[in-house]
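Next come two complexes built around chain A: one with chain B, the other with chain C.
Presenting the complex of A and B:
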């Protein structure tokens, strides 16, 4: 009756050196393939089919629509800009605080932009004067389109501390 | 009613930035200096009763109630109460133990450690009971007080005021005084690293397993200053005293979005060249920021040896060169925050070194 003893581990194992290497290589191949598939899916994730980004070039109407010495907030929600006009110059201010990127508010009665996050304040021309913001608000490029409207180009910005506010593209003279 | 209004105005004045911080520091010093007096049960109970009365009277004020009853702020009220209780408990034991040690008697903890209690029923029973009570309280809280949900996020609209989660309000307050790379990166790293470094810096073997103040006055004072004044009180300041446009508002002050505060901030370079020397700012950035660099280099390079020869003489001898310098620099970094806050509030000083061209401001 010795032959009916329950099979031991060694008797059960059909594992030869060759079959061990085969199964390990198959497993390793599947693991590598899964990793590559997962990584490519992750990489694909960074290139979505649809981007909800507002255009960087857009028209904001005729210069006459903007009253002298005013800050226009109508485009803030859509394009995150302010249109600021003093006497004969129009500039486009980026509505992003230069401290940590919150959106400041225009306080009409005080005549200043004020950031709700850390209290940075900017004059109407965008120059920082209170709170922690280290530099003035950035300006965007603007020009007159063929149909007489102002065209803003958000892909080009002008920073005062780099002396770029003298660039003729950073403001629009109105005769 | 007139009288109540006057008290409210006085308290609002007391909660202005300069007075709030000044009296916090004075109160902190008094808490340590008079620990034997205020921790005695009748005094502590009277202080507690007084604060409850002031709190309840304040609740009759509409503005105060609005701030206190915000769902976001209720945990902070609870936290302030529990911190007050724990401070009392620790200082009470410190005061008693210091007296016992002076007389050569064993400390409270040494006596208690000889006592034994049964795991069942003493420990499990009270744990079970507390678990039930906490569950009931949390359920009640979750049902009764609604989560402060807001509309979907919109990059063009930042809520006013925009507050960090309550445990980060100390960091947000730091960001008002220092540049993001310092207040958001360097200081938090130093806080975590510095706390981890304490066991390697601390050469005092006393105070292990029992409360004592007299045997470790420096360690306890510095730690509690960092925790109570520079963390808990800044959370309180950020929660209750910062309103729209991140302006200061007293407890009883209406959160007026048009509150005017003159905060014309000036860099040290402008003070130095324009105000004191009557010159225009130099074109060269390094020359322009020379006074600021001099101050910073003096602060971190010259102050440690000066302190080692004066107030920290004993530490320097005990700790040795490297350990002392790590300790002194961590200490100076910690002191940099209240120093900058005071400079901002008193002199409208914006940055000591201000190079916006390179995003480098101190």
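Presenting the complex of A and C:
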């Protein structure tokens, strides 16, 4: 009358060696995947969406404000650029040394940009001629906005060694 | 004397010290074994191991300096605010008006010294051939500790937020642009694209993740502060425990060849 085998025993008997190993490996697989997903999500945490940095598109006034054959340093602190006017042509130079990224100074009396970090020197047009800097300063895109002001776009840059200084967006001709 | 004897008989005393005054080898061994900090250290040290001319005590001095840096560093945290508006002035205050603000100088000079001693320690391990089996694993732990020491120096360098700090870290982190695959100017990064949209740009590469922006700015100061005060010291502390434990497990400090 009384059963000799407890019911739980029969249930366990269905767990074969194969199915046991299968569920263990599925378990480890899910665990590993969850760890990788968690770690990648944590890595994403270090890439912020909002930056507290100056805008990359901005206006810098009328072309007439810039004297011929001059280097304008007024925007350097705020936007890290120089406005260089040579005769009728205006270019925007990136005030970042092409060696390792310090900010050079414009030495008016010597007519050159000089980097305080390791001594790189650049002519007024941005071409390097002394020190470790391997290439000329970069230029940024500029255009004439509807209100007549110069608008600079720092997200587009032009490098001489890539032949980009001939690009019509890299300079502004004043007629 | 009687008072001292009575004191050592109390339950409180006996609950703390599980052995007698260590004036015999057994109690000396117990003193090391039953102490959580000391047990990392070998119970017995070879005579050559305590000879100054063999170890220069440079590992020991490096560890001592690490403790000095930890203590003075925690003290500095009571005054220093890692925000661009305050950081430089807080550092100046520590130097000029804060009572015992010399802690800042101790921390700075200690850091320079620690870099020197860790190199000297590595040099002596090399010169005595102590990197050879069975100690090759501990040499590698040491290499990581060396890198962590240098990273502590580098992250700490930014915190005063003066011109030297900002430009040194600007130059230093610009190298991260050239990281293979992960830096936006590095080899191979241009290959990682979604259609014709580049994945690795100035706004998404390792340098961006390190700086919290595209230039050394407020986010960088905060990041380096946390790395400097919490993250790197914690990892270095754990690895030092492993390092000392392995000196013990690899047969104590090596002997002269």
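To be clear about the criterion, the second predicted complex is superposed on the first by the 126 of 175 C-alpha atoms of A that agree within 3 Å, B and C clash if a C-alpha of one lies under 4 Å from a C-alpha of the other, contacts with A are read in each partner's own complex, and residues count from 1 in each chain.
The definition used in the following text is that contacts are C-beta pairs under 8 Å (C-beta built on N, C-alpha and C of every residue); 3 or more make two chains touch, one makes a residue touch a chain.
Since this is a predicted model, take the numbers as computed values, not measurements.
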(request) May I ask you to decide whether A:135 touches chain B, chain C, both, or neither, giving the answer as first, second, both or neither? (result) first
(request) Report the partner of chain A that touches more of its residues: chain B or chain C. (result) B
(request) Scan A:117 for contacts with chain B and chain C and give back first, second, both or neither. (result) both
(request) Quick one: classify A:174 as touching chain B (first), chain C (second), both or neither. (result) neither
(request) May I ask you to decide whether A:51 touches chain B, chain C, both, or neither, giving the answer as first, second, both or neither? (result) second
(request) Report for A:100: first if it touches chain B alone, second if chain C alone, otherwise both or neither. (result) both
(message) Let me check the overlay on chain A: which residues of chain A are in contact with chain B and also with chain C?
(response) 100, 102, 116-117
(message) Give the list of chain A residues in touch with chain B in this complex.
(response) 76-78, 80, 95, 99-100, 102-105, 107, 109-110, 114-119, 121, 129-132, 134-135, 161-162
(request) Could you please specify the touching residues of chain C with respect to chain A in the complex? (result) 167, 170-171, 174-175, 204, 208-210, 212-215, 217-219
(request) Spell out the part of chain B that touches chain A in their complex, as residue ranges. (result) 154-162, 172, 175-180, 184, 244-247, 257-258, 260, 263-265, 350-351, 354, 356-357, 359, 361
(request) Within their complex, state which residues of chain A touch chain C. (result) 43, 46-48, 51-53, 100-102, 116-117
